[in-house]
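In what follows, chain A forms one complex with chain B and a second complex with chain C.
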Partner chain A sequence: MVVAVLSIAFIGFAAAVLLAFADKFLSVREDPRIGLITAALPGANCGGCGFPGCDGYARALVAGTAPNGACAAGGGECAKAVAEILGVAATATEKRVALVKCCGSRSEAIRIGDYNGICDCNVAAATAGGDKGCVYGCLGYGACANVCPKGAISISDGLAKVDKRLCIGCGKCVSACPRRIIALVPASASIHVLCSNPEKGPEVRKVCGVGCIGCRLCERNSGGKEAGHFEFAGFLAKVNYSNPPFDSQIVSKCPAKCISEDPHTGSGH
Partner chain B sequence: MRTVKSSFKFKGGVHPAYHKELARGKAIERMPVPAELAISMSQHLGAPAKCIVKAGDYVRRGQLIGERNGFISVSVRASADGLVKAVEKRIGASGQYADSVIIDTTATAPEAAPSAEAFALKPIAWRSATREELLQRIEEAGISGMGGAGFPTVVKLSPPPNKRCEYLIVNGAECEPYLTADFRLMLERADRIRAGVEIMRKILGHPAVRIAVEANKPEAVVALEKAFADIEGNVEIVILPVLYPQGSEKHQIYATVGRIVPEPPQLPIDVGCVVENVGTVAAIADAVEKGECLVERITTVSGDVVNEPKNILAPVGVKYSDLVAFAGGTSAAPVKVISGGTMMGFAVSTLEIATTKTTSGILLLSEKSVFQFTSQPCINCGRCLRACPMRLNPAAISKAVEADDVATAERAHVMSCIECGACSFVCPAHRTITQFCRRAKSSIRARIAAEKARAAEASAKKESSK
Partner chain C sequence: MSYYLILLVGAVLVNNFVLSRFLGCCPFLGVSKRMDTALGMSGAVVFVMVAASAVTWCIDNWILKPNGLEYIHTLAFILVIASLVQFIDIAMKRFLPPLHAALGIFLPLITTNCAVLGVAELNFKGETGFFESVFFALAAALGFGLALVIFSGIREKLEHANPPRSFRGIALALVTGGLLALAFMGFSGLDKGLERAL
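So, the complex of A and B:
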């Protein structure tokens, strides 16, 4: 009995001494800023910054291998907080959100076949080029919605729509789309051209009732070429997001009805 | 030479309705050159050819318009005299866009244009020619496999030095429903097949030859027997049981010589076999003996809405609509149009697609012959397991891919899938199992390519830091 008590007490004491020494000499000191930055980041672990989760990005920030402001989900506020922790000047970043540049719903865009295979845009696009007449149009089989970590993309009437309030701008949908018609745009911009077809007007008209025909009326209504609110690629109008237009008159005057005011909240046309 | 019955029957396979009676009695007809041709630069497996003509050029039949671009690639030649109207992206049967040379064949030749003789290849006396000369000719003539996959023939005929070809297998199975192009070729041009076999035998170092024909083509067997009657060496015509997919390379090897090709990336040459389609063999004979490039092929236009189903010898690059018009048009609007056979072909949404070297058939089907379905969940009946000729578990693979679990599909050997469609054919729940397999394969291939690129980048970085 006595031997047992003594030996257990001795082992306990020896282990305590060992642990005390180990804590003193073998401990790894982690930079406290990593924890602080991780707490300041949104914690969505979306991977949009290119690092494995928010913790990975925080480590890279402290190590100086990542630029501040790569977190699209956190935006400017988050970048400011991180800059404070790191003790550097904050760089202004604007929150960006995804935009599906197509408004050819089932009732407007022509479908050239019946597709009843796997419900995935990439597979549909590999089957005779997809069932949509317009090869620049949204197929509506939800490849973008499937990768969205926030459930911000919904499919209705054969068309993907991004909810601006839920989107964190991680950009996963941009690379998931086989048609490459999703882009990240500044969240503050409210007027968008919802078409990606650069062909001439008659060609666009053949496949879609709401495709951009390149008439340049939007440019004229927004103050002409000098105002620089719109750019043109082929016969396709594009909003110049470094100088976006805000006049809602442009929307109502578009003859093709492919310009929309803030489609994110579903208030399109 | 002797004729034998196949003594090996693979497990699995299905018996689709063959419908070959529509076109099997129709002799090959040559189609006049249409007003416009669209010749794709991507008619084969591997890298697309590099286009070397531009709008405004006048080209002659047989003139080189696309250069071979890399090892796994094939050159492309013009199928008719004409003016190049444009070089633009056009959609192909598989839904991929490829650079195509659009030729206006009604234009008159400018005086400055070189004569047709300038581009003609000279016939080669192959008995005295070297192996290299013959291979070069096959490359010049732009020959790729004409069975469907379009694998570059030169690559197949130049096995690595440590591997020896023991068997040359000539594929005349044509197991796809409706198609009769290869059947008519064997019937009418058996002498071309014999010449091609002799040339290929010389290139491959005199392997034994097996000519595989399905048992439902007895006339073709008779024609081949006549043509090959006095051939020397080890040559056998093997009659295969009627079973889909008997025309698959791997199953053909098993049915003729009893060898099993291991999992990819192993190839038929790893078990000492080279398999070529009868069409390719005849094209090789024409290229060597007559100096003719591969600029035309036999295409079966069939289906129950086609007025006169036909086997048409047409220039490569003719539009489907022209081919259908040559076959007497349609009696009603087709509900489904398929490029190729019904089992492995591609459904297409327009007839404005141009043929390629691999277009074996165009099928226009009415509502009666097309089954409209909605996919339902798997009921675990196991029919696909019995049907799969590769002895995979298609049910497990399809369920894994449906749940976005490609890793499980890979462990279930989805890369061995030959996409023959037997599983989808027998599925009572009408699941698109083959499409699931295809999706898994493409994402695995993309992952492997990305890994390779990353490894190459890493090694390049290491090099530069040294």
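So, the complex of A and C:
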């Protein structure tokens, strides 16, 4: 009994001494700011900044190889906290969220075939170009939803939708989409053109009931070309996000019904 | 020499730690989603198992057995292995930073994993020699790594499958693990056969 207690105590004491010496003489001291910055970052480890996780970004920040404000998830407040720790001036970043620029749901957009392969947009797009008539439209097989670290993207009625409240703006969905129709837009903008088809009106009409036909009514209703709320690429209206429109009557007057007010919260069409 | 070959085949294929002894199931299911983490974990397990079996053999033969304290070996082994892993973690960070970057996060995860303790227990029960104990630990860890790498390869493929909702995630992983264990049952008797052949 006594021998047992003494033996275990001896082993424990030897291990404790060994560890104490190791900690004293072998440990690598890290810059304490790394820990502080990691705590200030959101901890989502989304990789949106281009570094492996929040810890990797914190190390790069302390080493001075990364710009402050690259964290889209944390936004301005996080950049301010990091700047305080680093002792440099904060750069303002606006929170950005992902937007799926398509509103051609199953009832509106024409499907030219039945696809029942692997449920992934990239595979569907590689299978004879996908089943959707519009080659600029959302396929709705959830490649974006699968990579979203926050589960902010849901698929309903063959269409991906981003929940603005959950989106952290990491941009993973932007590169996952084979159709390249997801973009990061300022979270404050409320009016969006939900179409990516730049072709002429009749061509768009053939494949989708809610595609942009390039009639420029939105531009006229928002104060003309001088106001600069919209830009046009071919026959496709695009919101100028450095000067976004705010008048909600633009939405109701769009003949194609492809302009929506805040689709993130589902209050649009 | 042939004895060690039989020991190797026995520990890797016949009595595989995960698939037939069911030790170390936690890392087997936990870090098998991607091949690179599976390889990192396998490396860490090889490292820790070999070091732990060497140290526990010394504790067993130099401290416990001379004092007739075999009955508290589990307690002593846990104590020694836990502090050893902690020490390796610190020392590796200082002297081998690249290795620490590759294995670092897995080391604390397997501190006193049942597979690590299992090797020490089996060596204790078998009353094997020092070199034999360390070699058995190495073979067992390689078997663990083999199972983990095969499993993660299958799971990477399963990511692209579209199973029914109730099977998604860990459910399908468990079914796959079971099938893999069944497949490894096909190796049973291989070590006996080898013994006869040699």
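In the analysis below, the second predicted complex is superposed on the first by the 242 of 269 C-alpha atoms of A that agree within 3 Å, B and C clash if a C-alpha of one lies under 4 Å from a C-alpha of the other, contacts with A are read in each partner's own complex, and residues count from 1 in each chain.
Convention: a residue touches a chain if its C-beta (ideal position, glycine included) is under 8 Å from a C-beta of that chain, and two chains touch if they have at least 3 such contacts.
Everything quoted here is computed from the prediction, not taken from an experiment.
Trainee: So in the superposed three-chain picture, is A:Val17 touching just chain B, just chain C, both, or none of them (first/second/both/neither)?
Mentor: Touch status of A:Val17: no partner.
Trainee: Just to be sure I read the superposition right, which of the two partners does A:Val88 touch: chain B = first, chain C = second, or both, or neither?
Mentor: Touch status of A:Val88: no partner.
Trainee: Contacts for A:Ala9 in the overlay, against chain B (first) and chain C (second): which applies, first, second, both or neither?
Mentor: neither
Trainee: Determine, under the contact definition given at the top, whether A:Ser27 touches first (chain B), second (chain C), both, or neither.
Mentor: second
Trainee: Now for A:Asp120: first (chain B), second (chain C), both, or neither, which partner does it touch?
Mentor: After superposition on chain A, A:Asp120 lies in contact with both partners, chain B and chain C.
Trainee: Check whether A:Ala233 is in contact with chain B, with chain C, with both or with neither, and answer first, second, both or neither.
Mentor: After superposition on chain A, A:Ala233 lies in contact with neither partner.
Trainee: One more residue to check, A:Ala39. First (chain B), second (chain C), both or neither?
Mentor: Touch status of A:Ala39: no partner.
Trainee: Could you look at A:Ala63 and tell me whether it touches chain B, chain C, both or neither (first, second, both, neither)?
Mentor: A:Ala63: touches no partner chain.
Trainee: On chain A, which stretch or stretches are contacted by chain B in one complex as well as by chain C in the other?
Mentor: Of chain A, residues 118, 120 contact chain B in one complex and chain C in the other.
Trainee: Tell me, which parts of chain A touch chain B in their complex?
Mentor: 112-114, 116-118, 120, 122-123, 125-131, 135, 146
Trainee: For chain B, which residues are in contact with chain A within the complex?
Mentor: 91, 93-97, 346-350, 372-375, 402, 404, 432, 435-436, 438-439, 442
Trainee: Spell out the residues on chain C that touch chain A in their complex, using ranges where they run on.
Mentor: Interface residues on chain C, with respect to chain A: 59, 63-64, 67-69, 72, 75-76, 79-80, 83-84, 86-87, 90-91, 93-95, 160-162.
Trainee: Chain C touches which residues of chain A in the complex?
Mentor: Residue positions touching the partner: 3-4, 7-8, 10-12, 15-16, 18-19, 22-23, 26-28, 118-120.
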